Amino acid sequence: MTDVGITSLAVNAVAAAPRRHGTFRRLLRHRSFVIGFTIILLLTLAAVLAPLISSIDPTAMKVRFRFRPPSAAFWFGTDQFGRDVFTRVLYGARISLFVGFAVSVISGICGALLGVIAAQFRRLDGPIMRLMDALMSFPAILLALGIAAALGPRVSSVIIALTVAYIPAGVRIVRAAALTVREMDYVQAAKVSGASSLRIIFRHILPNCLSPLLVHLTFIFAYAMLAEAALSFIGVGIQPPIASWGNIIAEGRDYATQAWWVMLFPGIAISLAALSLNLLGDALGDMLDPRLKGGE
Amino acid sequence: MRKEAGLTRIVAFKLLQAVPVILIISVLAFLLLSLLPGDPATIIAGEQASPAAIEQVRKQLGLDRSFIEQLTIWIFNLARGNFGSSLILNQTVLSAVGERLPVTLSLALLSISFTIPVGVFLGSLAAYFRRSWIDTVVMTVALLGVSLPAFWIAILGVILFSVQLGWVPSSGYAPLSQGFGPWFASIALPALILSLFQIGFLARMTRSAMLDVLGQDYIRTARAKGLGEWHTVGKHALRNALILIITATGILLSAAIGGSVIIEQVFALPGIGRMVVQAIMARDYPLVQGTMLILGFTFVMINLIVDILYTLADPRVRHD
Amino acid sequence: MNRSFARRSVTLALALVLSAPFIATNVQAQTPKKGGTLVYASVSGPGTLDPYLASSAVELEVINNLFEGLVTLDAHNATRTMLASKTTISPDFKTYSFELRKGVKFHNGQEMTSVDVKASFERYKRVSPNAKNLDAVDHFDAPDPYSFVIALKESNVVLLDIIKSPIYPLMILPASQKDKPARDIDVIGTGPYKLGEWVKDSHLVITRFDDYVADTSVAGRDGYGGRKTVYLDSVRYRFVPEATTRIAALQNGEAQLISSVPSELTAKITAQKDLAIREYFPQLGSYVIVNSQKGLTANVLIRQAIAAAINVDDIIEGAGGLNKRNPWMSFPDTPYYIGDTAPTPWYDVKDPAKAKELLRQAGYKNEKIVIETNSNYQWMRDTLLIVAEQLKAAGFNIDFKVTDWTTNAAHMQQGTGDWNLSTTAFGPDHVLGPQQWRPVLYTFPHIVGNDALDKAYAEFFAGATLEARRASWLAIQQQVLGNAYLIKIADTGRLSGYSQKLKGQNDYVGILQLWDLWLD
């Protein structure tokens, strides 16, 4: 959804903060960080350990047990096929978190490369940025919708679609940070002393763009997860029998008034995950920009 | 004088920059859709249609032409202002978009008119009372706004407000011509849900921008000079808020239109978002292409206007 | 949203017509009241109102109230006249003559004559995907304003059944529409309603046609024909894709009639005593389509193993909706429905052990069986999800692929793509009989080289009596179902919800008929 805005937040947050020591220790004292980190860690553990937590097969159907409300036997109730919603939410976490993580990592790498190239090589700046402008002219969800539909309903299509939709924001952030870093004394000094472009990029510019990018990617993780759910809800995202939080909600929505549990629990799961990532992002932004303190 | 000349130059420069963007958008829109698998002729001909009948439909629609031929026709038509005709709606893309624009626009503008006052107010409040409980409460609400999936809240909203309480109609759109009341009732809930995300977003953006301002030297100086708190903060905050609103409006519009793609589905509002989704599902290439293109152009224009207003409002901005 | 489109599009629609047993009617003692607007919330709106291209329910349920054809289905799905007053067939089945009713008016005020009928048939031959069914036509004649003649090149015993088909209906349009391209007509018919406002994707209004000339040959309505009376001033179709939203509209009085109520949600409606549920059953028959030309499923033993593993009751319950068991390829109470027994022992076998044994005989080595379905139609996906689980339990190795409907449909129709199993439902075939089934059988499962089937069809088309044709139809079904080219699942219908204020609903369950209804 909104990626543009994140850009401005992250950029003015951290343009050229020099790397600090003891950041991690300070983060641990940051309440938002601790809460966010704990929730996302628990969700990730639940996803990874899904087969140990629930012995039920997430696709196994017991039609006789359809639409059972939450109980000791079925913690989150059962859906229209008598599948266990708790197990499906667990396995759904694997897909949803994986999609969010993959999108933020891949779009981060692409964004970093393109952003640094645009900042460093003036001749490529125009073409790259105009392409990014063009991509950003479509609302991200609509662009992702088109690409996902074009590539067919698969996990990989969703990842590619969201990556493309979120790259431009990353490029802008890295480019802005890189332009600032480039003018710094020590980079200029390295240039004068004859260091190669590549060396300057990898030794000086990239490392200094990482903080704003990291903050940005934490938000992208959350947005990508929400967007995956929205795409699956519309029907161009993750398809059954694979469970994702979005498609469990989509499958449960027709029965929402009668079997509310089918769509309620995966919705809570997405909200929790997005919330924790946003908290993390805020905390990181806070820590990395002295001016923005106050989230504690 | 000099300032005006500079402004003209900036506007001209921005306009020039928009040209390649629009070209790229046109080609992207075409490429994207030519990747789509599936065949609209199958849907149009019907399930019982023989392969020969499907072939006949494909011919009627011009889908049997080669990729290059189709691209040439597309660009040629675009140059003449012809955005093509929908395969399933039996309408030109322009008239299809025009018919649905009031719905999406109503939704977007109403949600933004909820968002801007509430978002700016909450964000300023949090910034001013930073680190107090007010800050915590406001920021928690804002955080929820950007974290809850809109379509999920929308379904819950329909169940609560339409089914259980019966406060608002469950779906459908009443145009303004039927009166303000019905119009407002038909889109109030979807617009409100749409603005949840935006309010969260704008409040967070406002807060960080305000903190930024409050930390500036001129504020410190003003404070040090002993000027009244309201005088100091109020004046600068106001100016800052204006710039913020200008910057945010472009982003919010984009978010609102993007969000309405989903919200229109849940509330059965006949807007552009719902049309695009149906067009994608039906492989109605011209309709998807044309609509994406129109939306792309619109956002280029919006960004242009925002840029220019921004330049006008903030003397510190310089463009190289 | 997949679903909304889903129901809009074709398949669904395929569905249509049908008769249900004539149960004792809730005869209304009250006198009908004139006036008022009925609000009908349906899943989605029509793409076109050109009848010759209309195959989906959402299109036909509007078209059916605006247009009329020469002949149509009566309450027992036999042929009856509508705009014609009489039909005569020559003994050699090569000349069909129609006398037209006099004084029938189009919505534009002009009288309908044989010139319009001839122009309509000619346009149909030009634009309709169903035109190949008229290939046997040599020429059309309009010897006088009230006579119309179809001359055939070869005899055809079932021509009237083709003309009365409720899918791609051969409605009569004014002659002025003759050269209009596909999907681009002026919406002018002879039906009891005329088109009012139509806002695509939002709503559509039809209003009473006050100059409508009813067929007075019978006392009341009869299937799609008979004497139709319109009491309502207008009907407003509202397009609401979400089931819960449609139900909410009914509950708070915004709509008096809603379509497609999920069976799980009927209690929401019946809990309110001024609301009720009505079954539209049967509408379609659903099948697992087996690709007999692809890989493992070219082997009849593998196909039969699949049939052996399928448990119909679990599918009926799990996929939801209104489904009832029926091993036949015709609906009960239609001319070609043969009996209470089953045509073959391959219906609802639910015997995983037998499936395993058949797999062993076939030399199955855990190769992948590809199930392909689409994201547009939820019921198809749900049905195949259950089938996949049943096959896994019987030892099959399943690869589940979801694509879009156009790709899925094209694969089924053209035999392209990499798939072994898919599903879809067929509608009018179950009412109209074997001639309607024929193209379907040879395309969807791609039956090749089955001489017994070819022979049975040849006998069918030579059958001068219904008895002879029914015998051929039994042989055809035994070939198709016994060799598991198609695996029948169930007959399906839909539920609609309505307000008790809406009176005069019919027991005949065809496409939505809005005449003879009134609001109390």
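Every chain is named by a letter (A, B and C) in the order it is written, and numbering of its residues begins at 1.
One rule holds in what follows: a contact is a pair of C-beta atoms (placed from the backbone, for glycine too) under 8 Å apart; a residue touches a chain by one contact, two chains touch by 3 or more.
No experiment lies behind these values; they were computed from the predicted model shown.
Averaging Cα coordinates per chain and for the whole protein, the chain whose average falls nearest the overall one is B. Contact tally for A-C versus A-B: the pair with more C-beta pairs in contact is A-B.
Between the Cα centres of chain B and chain C there is a gap of 41 Å.
A straight line joining the Cα centres of chain A and chain C is 46 Å long. Taking each chain's centre as the mean of its C-alpha atoms, chain A lies 21 Å from chain B.
Looking at chain A, one finds that residues 149, 152, 233-236, 253, 256-257 touch two or more other chains. Each of the following residues of chain C touches two or more other chains: 1-2, 242, 244, 247, 376, 403-404.
Counting partner chains per residue, chain B has residues 37, 155, 159, 163, 265, 277, 281 touching two or more of them.
Interface residues of chain A, counted against chain C in their complex, comprise 59-61, 63-64, 66-67, 80-82, 149, 152-153, 233-236, 239-241, 253-259. Listed in rising order, the residues of chain B touching chain A in the complex are 17, 20-22, 24-25, 28, 32-33, 35-37, 130-131, 135, 139, 143-144, 146-152, 155-156, 159, 163, 197, 201, 204-205, 208-209, 211-212, 215, 247-248, 250-251, 254-255, 257-259, 261-262, 265, 273, 276-277, 280-281, 288, 292, 295-297, 299-300, 303. On chain C, the positions that touch chain B within their shared complex are 1-2, 4-6, 8-11, 14, 44, 47-48, 53, 55-56, 129-132, 167-168, 181-184, 199-203, 238-242, 244-249, 251-252, 254, 376, 403-407, 409-410, 413-414, 424, 439-440, 443. Listing the residues of chain B that touch chain C in their complex gives 37-40, 42-54, 56-57, 60, 88-91, 96, 99-100, 103, 155, 158-159, 162-163, 166, 169-173, 265-268, 270, 274-275, 277-278, 281-283.
Residue ranges on chain A touching chain B, taken from their complex, read 1-2, 4-5, 8-9, 12-13, 130-131, 133-142, 145-147, 149-152, 222, 226, 229-230, 233-236, 246, 249, 253, 256-257, 260, 263, 267, 270-271, 274-275, 278-279, 282, 291-292, 294-296.
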